[in-house]
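You will see chain A twice below: alongside chain B first, and alongside chain C after that.
Let's turn to the complex of A and B:
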């Protein structure tokens, strides 16, 4: 069958089951109350004054009674510095556990040592927001028996709530914790800020282990995860490489083209009609996206506009804007550097939020639903504005769905910033290899070679033209790019589906086929 | 059948269903994982940028589609000043809704205007931690068709988790909220401090309405309840009578007998072996209980002992001890005066906790499980140390289970303080009218007429004797009291059971029969 974006989707898939095709960003919501039932969180019980402390991670893992076919989950707040995921998988492999589903909120290059376990039946399926590097190449080449599932940050929470992901064991790395498992990422030698992605796992996992390199006096404050959800606590020497966990202040790009695109994007936002008193704002951390904040900050000061909240993955650049009074508050599901952790600790208007509050579509109103302006990147964008942020030009998995489709669906103004091509590879093109975010959620594309407005936003196009901004048809831009780069060689695929891309509501927006 | 405390309990009861008899404080826990399943919290969905604001409470109630047989819940943080519960019930009655189960975390004298609705079929069942005044008299006299259920604070959370209480609509009064429903009790003209009892309702209710007299700029900070759980928000002129919500500083009793009992209790604690560096502490807010804190504070200063945490219903006396550095932190499920709200707002070590974290027996470790010393009151205590805190000498319901059995079961040292008799009515006696907390959880009784140690704590008795404290057999004390007061006239009951007292694990520890 084909979904509404004309992507060929099977009705069922081994290792996944029945597949519901993507029907549009809000079709399931418009039906009213979601019909899919949620699953009950586990009941647990402990005798008073019993100890949760284990002498090492292996002991904790053994005490949780691991078994074949289990699902193990992790958060990715330690980013490129994480060592806990790999250590846990190694322990499970040593114990002879097979057929594990790995459900990390994302995967980074730090996790490449698990590669052998993808090949030998230890890990047979992955649920993740992102996959990169050698793992991304291996899974695209079909190394695993069951299809991997790419979900958005909000979609992951929905999956846990509805039992699509049934977590048997979650191992939560914390930069500070007490002996009962009250824990935080906001302070300690390995501080990483918000622990927003871990909270849903703590609530639903059959067994919850907190691992820290920093046991503090009871009680640990603040408490991102509280003791009533924690079964075991482990003190280890290190939860990872702090230099890769919090890499210092996130710097604005100096690449001239990124800066040019960012400047254009800021002009687009300025004239969009959305940059007004009390607006809310999210930008990605990388390349041109973060640079947009630099120009928006200038405009806000010039025009004396004060915003409501900054959302998302938070950089110290956002913290600066909070401290300058440009925004009233920050909602922080993930913090990108050490300065952010300090702000999170000390400023009551720098609010740590869970991934569910951030982006789960099926609750009474996630934060992304209240967002006015978001600036996002793209690996590819097609002439219907569909965006690929997951597969690279060779067809390997090398990105993350993250909050892309979550924020794009909720924001009043979704701006995609990217160069029109990279090297000889077109970015703006007729058909993207993989769709993560549907074009209906993208309002405007800003490239160095032109600005294109989604035809479903005619009033936005008018605003921009009134503001003196030249607007181009996206088909024209794509044709222009093709003239420069030539027609891109299509990626050679096998028929076999090795992964699916789940939209935030649980429907399937695209599949990923095995790369030849 | 008889439960383990020899109370006559029916196997089934109309309006309740099957009854599981009380088997001992930890029998269900010792079985390992609790077998009772929990229920799934609801899935909800809202379109982005949609409004939750209703122009008045009636509009909000109508939008939640009320129906016959529904369960409506409330928190009791507004105490004697609450007007929201009564207003909501009046609206439902006006709408012709019948057969309502009222599931308030507790009921106070402020709720007496609902009395007509108990008699006319509007409200047919009550779940509550406490019932008092005219309502307590009416329900004991059998005014309602279905038996009421008395639960502990921790037991209530368990009941909601396991679906024994299925909340259709919860109406949450807040002293500050924003238009999305992020809300708190910590500031505003009607500030009441912690909102700890409301959080479980917000998570599980099919419909959640936040009512406030104080809409603040988005976002409301701090956030006891977050927007992802809130369906509707209502601004009203008043949520109640602020003078009865936060009644100023809670004062220590000046009654000589209470002070005498409190002094004795402090001596008992001093020599118990539990008053040591890092101990944790909870006292009730009333009479002799709070006065014990005064003497403990002195001893802590003299002996230079620093405690870990204060737990519970928190008074400004507790806040003073925190500020003096006598304790490291306060965990606050319920705040008793305005000074407490200010501390909660400003001191990161004054931590707002949910009722689940406070006392639910079926999670990974509630706070009461970590408690070292608790001082509790009693309406009656029998020679097996079983305590009644729910029915008065006429048999009417005039108290609250509250956290009594929760803290008593978890604390290393549970001290009951009460006079041995009041007027001509014995308090210490052979058999109490209603058991709320089993004797096995009570370690020592302190009265003006003698101190009695539970025989299951021989080492405690030794410690006290070593400390020069005279210890009496409880049977001797009861006999002594009987000589003074004469034998109390037994309460005249009908056979009909009008209410049950649930132990925190969901078993039935006692029943309440209709008073003649």
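Let's turn to the complex of A and C:
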């Protein structure tokens, strides 16, 4: 069958079950409730003054009674510095556990040592918002028997509520915790900031293990994860590489092309009609996307505009804007550098939020629904504005869905910034390899070679033209790019589906086929 | 154009191409060795372009080694032309 974006989707898929095709960003939400039933979280009991402490991670894992076919989950707040995911998988493999479903909120380069376990049947399925590097290459080549699932940050929460991701064991790394498992990422030698993605796991996992390199006196405050959900606590020497967990501050790019795109994007935002007193704002953490904040900061100062809140993955740049009084508050689901942890710990207007409050479409209102402006990147964008942020030019998985579709659907103004081509590879093209975010959620594309407004936003186009900004049709831009690069042959795939891309509402927006 | 010596032009930088040329005895034909990071998308295009450029210059006997890091067509033509001119002694090069 075909979904509404004309992508060929199977009705069922082994290892996934029945598949519901994507029907549009709001088709399911309009009903006002979720049709799928939610599963009850486990209820447990502990005797007073019994100890949760285990002498090492292996002992804790053994006490949780691991079994074949289990699902084990992690958060990715330690980014490229994490060692806990790999250590846990190694322990499970040593214990002879097979057929594991790995449900990490994302996977980074730090997780590449799990590669042999994907090939030997230890891990047979992955749920994640992002997969990169060697793991991304391996899964696209089809090393696992079951298809992997790419979900958004909000969609992951929904999947845990519905039991699609049924977590048997979650191992939660914390930079500070007490002996009962109250824990945080906001302070300690390995401080990493918000623990927003881990909270749903703690609530729903059959067994919850908190791992920290820093046991503090009871009670640990602030509490991102609270003791009433924690089964075991482990003190380890290290939860990872501190320089990669909490490295300094995030710098704005110096790449001239990114800066030019960011400058244009800031002009677009300035004249969009959305940059007004009390607006809310989210930018990505890298490249042109973060650089937009630099120019918006300037405009806000010039025009004396004060924003309400910054949302999302937070960098020190956002913290600077909070401290300058340009925004009233920051709602932080994920922090990107050391300066952010300090602010989260000390500034009452810098607030840690859960992934559910951030982006889950099925509750009484996630914060992405309150966004005015979001600036997002793209690996590819097509002439219907559909965006690929997951597969690269060779068809390998090398990116993350993250909060892309969540924020794009919620924001009043969704700006995509990217170069029109990279190397010789067209970025703006007729058809993207994989759709992660539907074109209906994207309002304007900003490239170094032209600015294109989605035809479903005619008033925005008018505002930009009134502001003296040249806009062009996206089809013309794609044709212009093709003239420069030449016509690229499409990537050759096998028929076999190795992964699916879930939209935030649980429907399937696209599939990923095995790379030849 | 008469090729005299081995010559090269270009670099390994991203979006550039390194092209090495070597004269061959008459009648040997063209030996083209192509490596590209965009082989899947543009491999055939690249090869056609090299042949077209060599046709235009009337060069039939040559070994060309191409290592492409995603260069655009004008870059490729320019690098090839420079390598050929260096080989023919019409232009000073970095590898003589």
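Following the convention adopted for this analysis, the second predicted complex is superposed on the first by the 516 of 516 C-alpha atoms of A that agree within 3 Å, B and C clash if a C-alpha of one lies under 4 Å from a C-alpha of the other, contacts with A are read in each partner's own complex, and residues count from 1 in each chain.
FYI, a residue touches a chain if its C-beta (ideal position, glycine included) is under 8 Å from a C-beta of that chain, and two chains touch if they have at least 3 such contacts.
Keep in mind it's a predicted model, so treat the numbers as computed, not measured.
Q: Figure out whether A:159 sits in contact with chain B (first) or chain C (second), or with both, or with neither.
A: Neither partner.
Q: A:394 in the overlay: touching chain B, chain C, both, or neither? Say first, second, both or neither.
A: Only chain C; A:394 stays clear of chain B.
Q: Which partner does A:183 reach: the first (chain B), the second (chain C), both, or neither?
A: neither
Q: With both structures superposed, pick whichever of chain B and chain C touches the larger number of chain A residues.
A: After superposing on chain A, more of chain A is contacted by B.
Q: By the touch definition at the top of the document, which applies to A:3: first (chain B), second (chain C), both, or neither?
A: neither
Q: Using the superposition on chain A as set up above, list the residues of chain A that contact both chain B and chain C.
A: Of chain A, no residue contacts chain B in one complex and chain C in the other.
Q: For the complex, which residues does chain C have touching chain A?
A: Residues in contact with chain A: 14-15, 37-38, 40-42, 44-45, 69-73.
Q: Provide the residue numbers of chain B that touch chain A in the complex, in ascending order.
A: 26, 28-30, 32-34, 36-50, 52, 161-162, 180-181, 208, 217-219, 221-223, 226-231, 308-309, 328-329, 331, 348-349, 351, 353, 356-357, 360-371, 409-412
Q: Considering only the defined contacts, which chain A positions touch chain C in the complex?
A: 393-394, 422-425, 484-489, 491-492
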